[in-house]
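Each of the next two complexes has chain A plus one more chain, namely chain B in the first and chain C in the second.
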Partner chain A sequence: MTSRYVGAVSSVTADDVPALVEGAKFYSPAVGDAGWISMVSWTTELLRRNGPVVLVRPDAVAPQTRAVGLCAIGSGAALADLPPAGDEFALAVREVEHLTRRRAGVVYPLAAATVSALVPLVAAAQLEVPLLDADGMGRTFALIHHTSMHLAGLPIGPLVARGATGESIALSVHAAARADTLLRGGVDSLGGWAALAAYPCTAGQLRTAALPGTVSRLINVGRLLLESGDTEVLIGRLAAVAGCRRIGRGRIVELEHLSRPSDVTIPAHPSSVVIDEVGGHGRLMRLELRSEIVAVFADGALAAAAPDLICLIDVLRGELATLDSLEPGALVDVLVMPADAVWYSAEGLAMVGPASHGIPLDHPRRR
Partner chain B sequence: MPGRAAPTALVGVSLGPARSHAVVIQNRSVIRSLSVTGPDPAELFARIASEFRRPVAGVVVDIGRLLLERILRQPAELSAVAMIRVVPRAASDPALGRHPDDVIERLITQRFTVPGGHDLFGHELRRLDREALNAVCREIAAHPARCVAVVAAGAGTQPRHEREVADAVQAAVPAARISAAHEFGGQGMAAREATVVLNAALAAAAQDVLDGCERAAQRALPGVPLHIARGDGGWNSSSRLRVLPVLGLGATDALQLRGAAEVAGGDCRVLLRRTPHPVVGDVRRGLVAVRPQVLRDLDTALVVPTATLARAGPEPGSGPAGDVPLVVADGDPDELACIGAAVSRPTAWLDEIAFIESTARLDGVRRDAEARATAIATANGAAPGTADIVEVSTVAVPYSPSGTVRIRVRVAGAPDGAPGSSRAAELPAVTG
Partner chain C sequence: MTGTVRHPPQRRSATAPLELAELLRVEPLASADAVHVPDPGRLVHQVVLAETFERLGRTGPHALVVLHAEAATGGWSLAAGLHATWERNAAAVVVPRPAMSASSVILAQRLGIALLVIDADPVDTSLALAGQVSAPQAARALRVALCAERLADQTSIRGVLGVLNAELAPAPVALIVGRSVTAGRAAALQERPEHRQVRIEVNGAGGRPWAELVARVPGTTAAAAGHVESLLGLARLPLLAAWAQARLQTSTQAVQERAAFQLLRRLAGDPDSDALPRSRVEPHDVAAPSWASDLGWRVEGTNRAVWIGSAHGAETEPAPELTELVRSAWQRERPDWPIIADADGWVSWQNISADALGSDDPGDDIDDDDTGGADTDGATAMRRVISAVGKVARRHGLVLGIGGAHAGIPGLMRSVEQARLAAHVARDGGPGTVQWFDGVGARATLAWLPRGQIAAVAELSLPDLVAARDRVSLVDTVLTVLDCGGSLSQASTRLGVHRNTVLARVARAKELGLVVDDPNRRLAMHVLCYALATLWKAP
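Moving on to the complex of A and B:
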């Protein structure tokens, strides 16, 4: 396979979907494959049927162009068991347009990672509008106000969650942090996941409020992942393009649950994975999990923490080991990669750093 | 003075469309290795009986390659499948209304959606639309498809709608053979649907193959227990495989890994020389590393576990072996599969979603899952009291409500009726 670098302005075709998917998995390594199957096949067919989607940076469209952010909110396991009917994402955008009385000229990912990287592409193909090459997280965080748009002061609403049941919830909130609180129960009642349209704004506002280039980055990283069958080669390439490094390799020896005090407003209860390092320093590594891996301790010392992107590679398969597939005895590499710089600011760390997960330690990159 | 009794022999068989193979193992050594042309077990079994005139404790037959052959190259021999999906509403996009993989969709001759379904925790999302269900039953009754597959959203936790649909179809079409996805557990509508469609489609083909095996065994080895290999490298009773034939898919890969590890003498990473790329798989604590995943030969994801095979590095024998030895499987692949079959054990697998509020509740959920998996292993042919929990993992489900866990349990036993209730006693568990 030859790599076609995706530059500032391009288009996404059906042939790009496999790379986009691999990249989207890499930037949100927690979620298992089951939820992807229907989404990938649908996205691919939609792009074949409707043609490529224009991918454009925020500064390449007129600043007054209206934009709506999209993601799949809720559980990947629920999405896997209850796939979309097909109209949820486009209709969620239409409902936000109705509430704002403005037609969207572009859509963009609220989080360019996991299935949420695909859904704005689907909506763009259905609504026949361009997709912005930018997002609000550069990975995924558990709460929908954990975005660069929120840090930049853009309002989260009005927002709409539309379920596979055909029902929808429209919400308007005074404070962005209330959105998750109000939505969570509704999303559960919609079947555990919903199409979310939020952060209606202009492309001009997103020039500074969003993280640029994060969709094309997925495709470029995804191509590397698809080309690499060997774990060592893969890690070397990811180090070169994404600043990824290996903390250690070892066997999973323990999975623990409810291992820290739980804040029920954040999905997925705290759990831990203990890894016995093979070779190297023979360290005992302890991974603290929420919906993602939020911290790695090596022999008790904090080696990496959110917002770093921490993932596990299944050494046997040379693939990501998703958090819902971990099993004692598996041999894994623990990798860490820096998140976008905005998340290491004081405001960013306060929102998504280790303290937000009940780990009151300084972030290793800020010591 | 009485002589010491010879160790009991075990027979492993792998049936293939072009060539079939069998081995007899005694005292951990291969003492007979036989091959015949074609898939008929009669000649193999007869030769085993005539060439090896000593007691045989059991026969394990791998029919995975024959089932695969039917799916890939003899689809006319498969049963036509009517597929009923139970979800809150029908797909608005045709791409979402069918299965993502053509290998599955082409097995389906009629497809229906009945409004209904539950969420992952068993909460009803929509009442089952009985009027729509009655219309579907009338349609199925009017057409020749007699194998029906049913998959409902949330049925892994709450199978009520799947059962209601199955009961209604059975009442309307008494001759129908119905497969319901909740019988397999697992995660994801697409993988659950693929599994249940394959199970329904293989019904008649598996019956033919199993009839042949049972006849041949009865004639040549009367009274010897006959077991059928599973995709996870274990085995089921023949009667169980008749109901759940999809469990036989992928068995050959798992058995080759297990056979190579047995020859090598312990747990290891096994490199299988495949074209165009060699692949590796692990054997740990005498069992093949498995998980629910894409079955390589069909390129479709299933919820039943199969051997985890990964493409090896560019140099045969290279690649990350970690802390276990890497063994290159240089023997005849068919013979390795037979060795793997002969030393295999009855197994069971359980994969489901549960909800916990405390570590005490987690312990209870885990114990309950282990007890049910053990009961399944016993139903599959394990001697009561011999089933061991060989793997158990409970992991928090990301981005799901706090307390949501995925629990997977793997159980392996010893065959019912084996001397000392343990075939493993004759063939000690291979350890690294």
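Moving on to the complex of A and C:
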């Protein structure tokens, strides 16, 4: 193994961006990367010009240091249509600073995955502050209050959503769940996506409220993905770094769309993928899809479910198979990665467990 | 057979649980789409309307689970529902159609759990099912009533057996006349462990046993055996009616059977039925057509044909009246053997059913009568019939030829040819003669000689001989001398006359043109004598 495993990456340079992007894709397997190719090259250029961003663990900075969480909300397709103007991330943080009357000493990702993994890196480079090696989800969830900070009791607001149009929405809510509802209409008017700065708090609070090491993990996983073309080797290494395991390998035999009724709380249509296991027990595996793979049934028994991170590896290509690239006949490995432990608590499961996706069954890790 | 049920029917408990198959016969499940039913004999102890997965988790074994509401949202829910019911050993899962998907069929097959799809409301369905399961006797009575309606609609034996087989599936039902299966599924006769046979006699005219209905019921469903019996009993009258109706139209039937036999012959790859004698066709597998069993013909397995022909060697088609006579005489003896007018005679055959042959491969020809004990049985039955109809044959101036036993339809056609040849040879023995093809040998060569034409030639070429008053004894004597290779002493012994008498007759025959000592003419004279002798011998 030639890649350098870094327990805690001390800084993120322009050369780290490709690995960070691969890792970000891996932790959000459902989402295609069409929307953020321009974002990646811009980030790389920014880091090359402004120099590396310092990456610190929450316990390595003074506990009183103010921190602001950052992410992109809205649709990835809208981001492709309407590229960022460049200042929305830094200005969103500035507006939160204005609302809280405190200067932010560090920024951190709300969700270290998808394009939201790049957003705080851009802001840190522009604001010239360190990036915290921690986040609120350890992957992505659908709603902005699905965070460990929310579970720890930290307030979501005041929060600011700033669009590429130069406009911004500042919100102050009593219940975190209301924030997403209130923002949705506004984000549509801002062009379909927005930079979100939220969860202003101190680094000391984040020592317990955030999930540590998730940014450096992205880079490490991304390096593995960039390096390996052999599926077996890749899965073995991912198991070591990310704790994932393979549920089974099989051929996609059926794609079912709109396979169950949908509710309105979480966007994206429900659909299913049926996989005929090759070898092993020859099980019939059923993947339930929403904006991600939310559950895997093996012969009708729930084998894995959200908040587990479930992804498909295209065996022939040795790379991740995104949900919009699936087609019958493809040979795939079904990988399951445990989410951070906080998500398997009763409160965590109630928020992001299978029941939140309309599957009222006990989570396999809780049975 | 582990147990045979006969009248009066066994009483069964009114509360014996229903089988899945029984529920599938009556509404609401009769209109359900049975996607996968691995074991129709599964007992159903209760009906569970499962709205949630929590309820599914509390389901007991042998339950009929109706998925509803949250548990029937489609996609994953049916897969999870199938798994949960499989874990709890449920009898079947009923699911509303919107929740159904193609992959669920595969999963049901993998888990081996019965899956039924309904279009009706699941709550109404489960209520109706719960009513049926709680009162099994009422559900059975309803089923019997529905079956009786369907049976009453049938006009053919095949139709009646079709209804019975559909109704009692997976238990096979067969109608047996004599020892052969006339209609239905022959599997009913095969003995299996854990199965028992239910037999019902069907009496024909005059209360005499005509046939038997046999069903093979899985032993685990002993409670249903009595039910099977009542259904079989219900089928008796429609069967008799169908049979009687067929018998009423004998003349139509005769024509129909004749045409059908020609068709059968074509099937066997022998399209030219008038080419005599026919060259043997290579036997190959020809599946018995369904209309053959409609006519009550059994052609599977090994068959042995009988040819009935006129002793006088009439080359024309027999009169319809004679056909009727032969038919009625034949049907008195063996109603289960067909009798069909064909060319210059009638053909019938004995179906030596496959099980009587034991382990013999039915594809093998069995040419020799005395090879196996089972085959000898077939020959014995044939001899019994022949001796019974012998008197009738004598009275009507008929001869019988019996072919060898051969497998399949091509084998049957071959046997028919052999029987016909044997019958021609049998003409030498006069009316009532029975000739087995196995005993014919080379003499069969002479069977097809156009004796009438040879006699006509004799009238032209040997007018003096034909006009002579003692022509019969002259021709007989010359024929015997030729048969004995010219030995006068042997000929005199065979004829029972003095050697000098033989010598005198030969001399007189020579005067009349019957020259036997000319090598150039000897074969012609021998054939001529044979033809004239057999022709004149007949009354």
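Here is the rule we go by: the second predicted complex is superposed on the first by the 361 of 367 C-alpha atoms of A that agree within 3 Å, B and C clash if a C-alpha of one lies under 4 Å from a C-alpha of the other, contacts with A are read in each partner's own complex, and residues count from 1 in each chain.
Everything below uses one rule, namely that a residue touches a chain if its C-beta (ideal position, glycine included) is under 8 Å from a C-beta of that chain, and two chains touch if they have at least 3 such contacts.
Computed from a predicted model, the values in this text were never measured in an experiment.
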Fit-or-clash call for chain B and chain C when the two complexes are aligned on chain A: fit
First, second, both or neither for A:P360, with chain B first and chain C second: second
Partner chain(s) touched by A:V253 [first = chain B, second = chain C, both, neither]: second
First (chain B), second (chain C), both or neither touched by A:R286: second
Touched partner set for A:A240, first chain B, second chain C, both or neither: neither
Chain A residues touched - chain C or chain B, whichever exceeds: B
Partner chain(s) touched by A:S41 [first = chain B, second = chain C, both, neither]: first
First (chain B), second (chain C), both or neither touched by A:A80: first
Smallest separation of CA atoms, chain C relative to chain B, angstrom: 12
Residues on chain A lying within both footprints (that of chain B and that of chain C): 270
Residues on chain C engaged by chain A in the complex (per definition of touch): 52-53, 70, 73-77, 79-84, 86, 101-103, 106-107, 110-111
Touching residues (chain side chain A, partner chain C) in the complex: 253-254, 256, 259-261, 270, 272, 274, 283-284, 286, 288, 295, 297, 299-302, 358-361
In the complex, chain B residues that touch chain A: 87-93, 95-96, 100-101, 117, 119-121, 123, 125-126, 153-154, 156, 187-192, 269, 277, 280-282, 284, 289, 291, 293, 301, 308, 310-311, 313-314, 319-320, 322-323, 353, 356, 358-359, 362, 391, 393-406, 408
Footprint of chain B on chain A - complex, ascending: 30-35, 37-38, 40-42, 45-46, 74-78, 80-87, 142, 164-166, 184, 188-189, 191-192, 229-232, 249, 251, 255, 257-258, 262, 264, 266-271, 278-279, 289, 291-292, 315-319, 322-329, 331
